[in-house]
Amino acid sequence: MVDSQQLREYVPVLILAAVAIAFAFGTLALSVVVGKWANRSRRTGHSTRVKDIAYECGMIPVGDGSSRLSVKFYLVAMLFILFDIEVVFLYPWAVVYKSMLVDHANLIFGSMLTFLGILFVGYIYALKKRAFEWKS
Amino acid sequence: MIIGEFFRGLFLMIWRVATDQPEAKADLLAVFPPSARPVISAVLTVSPIIGIFATLFALTTLLERKGLGRIQNRLGPNRVGPFGILQPVADGLKMLTKEDIIPRSADALVHFLAPVVLAVPTILAFAVLPYGRNLVPVDMDAGILFFFAVGASTELAIFMAGWSSRNKYSLLGAMRAIAQMISYEIPLIISSVSVIMIAGSLSPVEIIAQQGRYLAGGFVPHWFVLTPWGLAGFIMFLIASLAESNRSPFDIPEAESELIAGHLTEYSGFKYALFFMAEYFGMFAVSGLAVTLFLGGWHAPFEFLEIVPSYVWFFAKLMGLVCLFIWVRGTVPRLRVDQLLNFAWKFMLPLSLLNLVVAAVWHFTAAWEFPGAGLGRWLLGAVMIGVPYVWLGRALSGSKKITQRTYRFAD
Amino acid sequence: MFMETAIDTPESKYEILPKTLSNGEMDGELLEVAMGPQHPSTHGVFRMDVVLDGEKVVKLKPVFGYLHRNHEKIAENTTYLASMPYTDRLDYLCSMTNNWAYALSVEKLAGLQPPERAEYIRIITGELTRLVNHTCLVGFLLQDMGALGTPLMYAFREREMILDLFESLSGSRMMCNYMRFGGCRVDLPAGWLEQAKRAVDSYSGFLDEFEKLLTENEILVARTQGIGVLPPDLAVNASITGPMLRASGVNYDIRKVDKYGIYDRFEFRVPLGDHGDVYDRYMIRLLEMRESVKILNQALRDIPAGPIVDPKAKLRGFRPKVGEAYGRIEGPKGELGFYLISDGTPNPYRYRVRPPSLINLTVLEDMCLGQDVADVVIILGSVDIVLGEVDR
């Protein structure tokens, strides 16, 4: 079975993920235990309202800490998705490039140049539309 | 009896790993019942990763502080232990005993989960890197893809940290971080695609195998960095990986002098330590990938040095890159957000796309058979990447209106 | 309990603040952020209430007074001489020039004339102070720019040599308390001039190295050129002085205008900038340091022997005659002046400091509007403030 063979590859990954999660939570738990023990003679850990306000250079924050943000960030995210997907399209081509070069050299080279050319046209369009201008 | 076998297997495993032999786990696994073997094997494979990299993290923090100290004409930490070598231990103990403060307005669950979400994928990314000739934790066909897939999830953690803190500095820092990381992720991936194209595989093991040859009597390694596209790709990969690991000069998300500590402002105690560790892990992972893709992985620089165990070369190259990162941190001022994003979108992205074309041409012209073809290919590649580099650089600095200035003097 | 009630009513620092800058859907909400008092780059306890649109500064209000120590009122309740050590604490990087400015105004009030050697010592210590201040400033500016301490540490290495000189001269590295009315406190110790000459000689080498590494650095240039522009007319109207004014292109140096002390004997030029941005302010300081080195070389060459205090000056029972005087010098940060009114008693009737840091800070908002948060930090750094002087 090809499928189970492929899936078996991921068993160590799963175990590594489990170990990593255990490591992260374990150290956090350890820090709680060690912190309690090391500070057993001190009065710490008492949260007061003043201590628990969000840090803003010692001033009391005005307004909400998570407000609506400028659309520019959204634009960057959109551009990222655009180009990232194009990169994903590049992967299969990149993998077969070498083997296809043997028989269909001009085909694979030409199709790649075409694809990258279209990508460049899109890029230049975005550039001219000032999509990359961070400062409006 | 079983215990004796177990220790014999353990010893053999360590011996075989140390001497670069294959099938290191075989004797140890034979002790266990067959049904448990895959799981035991996986545990044996992955548990050293955390151990080794946690140690490396401690060493690197020390190295960084010492190195930065020397760069800055200071001594660096020298109080804890001889020459301060126990400083990481002291730091770790301090972090363990620190009080954990969660702001009242924060989203406590997300705030708590963010460091875990950051730490886990960075550790996972180590799984696919080949550390030595026979030291590959997970020999995955789509290893590079897996690496980038888990690497991308670190952005989520930073956003979680920034948003859940309900702190304006955290929020600004997180938004900057996301914008920066996603912008530099594209050049990072594209410059690795050029290697994938030449190697014809997404498997790190295969990519390293392709770089295993030596030219000129064993003195010139066949590393991808020694080609025009490889050099350009390597430099772009390094720049992008500096940005991905939020290190100076791309440390605007933390931007100590502007945003207190960015998304880390509201983190204290061991959560902060986890963040800190995950960032170093990220740096190791991305440097490890750079070594794998461009610097020949675990191969020795000269053929006669192949007798040195292969993992030594991998970690030497890794630490070399880490030292480079430290050096850069001690040298360069920080860019502003808009300049940074301009650099990513107007310089790195077109140049990395172009580099892809250069790599394609490089391989396309491999069949050239006339005299001087090798040199011709070299020159063609160098010109194809060099001329746009100069042109784009000029355009970028021209748009910033940078001028040489002269000054008047009044008597 | 006070704090408990305080957090229940977070006061809005601005009365009318729209939710977004325009009514367009594309803009983010305005963010009201307090930068300071506990902020890594406000150079002390100083606060800027900033309103941000994304990263852009829409409003900025500097708030100071956290370090107010009642300097002027204290000085009115002590003798003239007893205020001298307090002036050290004004701008704690430049105690020598603070001493000098205060001594100068008291000398004007009491009609004292320092002897030749004392004037030379004042020039030497004053210009050394200028070197200290400008070196620190350049280091701090780059620190604010994110150069993580490397330029700062090298700047401090050079500053250290001058502080050693001050220590051997006055017994204290930063709080020198060295000048006296009509002269200086003690004469130069043996070998001091040679040591000073060595320090000054190595300084131009340091400046060359520093400039080679930083001035042409593309990141530095990109971060500073065109940022925080201060037009010359605004600078003059806001009575900005010092390197900041000269970076805007206005030729006004009190060393040249007043020729106080014996500055008319020295050959030096006043560098002027044309753009008034952060880069110009940075460069003007570097160029001024080179001019200071020139002055120091001449002064160290020409210094005569002789007494160091005006024989008419007396430490005990010092009562200037009724009158008023304003003495000013070109401090490293700008015009540092002391305005004194005497009513014939041992204490001044009125004692007023003209602090260059505070007055240079008043144009902060004008320079910062429309810039990024990241720029605010370096603009503040380029103004060159010391909170001890701002808040007094």
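Note that the chains are named A, B and C in the order they appear, and that numbering of residues resets to 1 at the start of each chain.
By definition in this document, a contact is a pair of C-beta atoms (placed from the backbone, for glycine too) under 8 Å apart; a residue touches a chain by one contact, two chains touch by 3 or more.
Just so it is clear, the model here is predicted, and its values are computed rather than measured.
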By mean C-alpha coordinates, which chain is most distant from subunit B?
C
For the chain pairs B-C and A-C, which is connected through the larger number of C-beta pairs in contact?
B-C
Quick check for you: compute each chain's CA centroid and the global CA centroid, then name the chain with the smallest gap between them.
B
List the centre-to-centre spacing of subunit A and subunit B in whole Å, with centres computed as mean CA coordinates.
14
Mean-CA-position distance for subunit C and subunit B (Å):
44
Please set out, as single numbers or ranges, the residues of subunit B touching at least two other chains.
168-169, 171, 260, 337-338
Subunit A: which residues touch two or more other chains?
49, 53, 56-57, 61, 67, 69, 135
Two or more other chains touching the same residue: where does that happen in subunit C?
31, 33, 39
Touching residues on subunit B, where the partner in the complex is subunit C:
68, 71-74, 168-169, 171-172, 248-249, 251-252, 255-260, 329-339, 397, 400-403, 405, 407-411
Which residues of subunit C touch subunit A once you look at their complex with the stated criterion?
3-4, 6-7, 10-13, 25-29, 31-39, 47, 53-54, 56
Touching subunit C in the complex, subunit A uses residues 49-50, 53, 56-63, 67-72, 135
Subunit B-facing residues of subunit C, complex
31, 33, 39-41, 52, 55, 142-150, 152-154, 157, 217-223, 225-226, 249, 251, 253, 256, 269-275, 279-280, 283-284, 287, 372-375, 377
Of all residues in subunit A, which touch subunit B in the complex?
8-13, 15-17, 19-21, 23-25, 27-28, 30-32, 34-35, 38-39, 44-45, 47, 49, 51-57, 61, 64-67, 69, 73, 76-77, 79-80, 83-84, 87, 90-91, 93-99, 101, 105, 109, 112-113, 116, 119-120, 123, 127, 132, 134-135
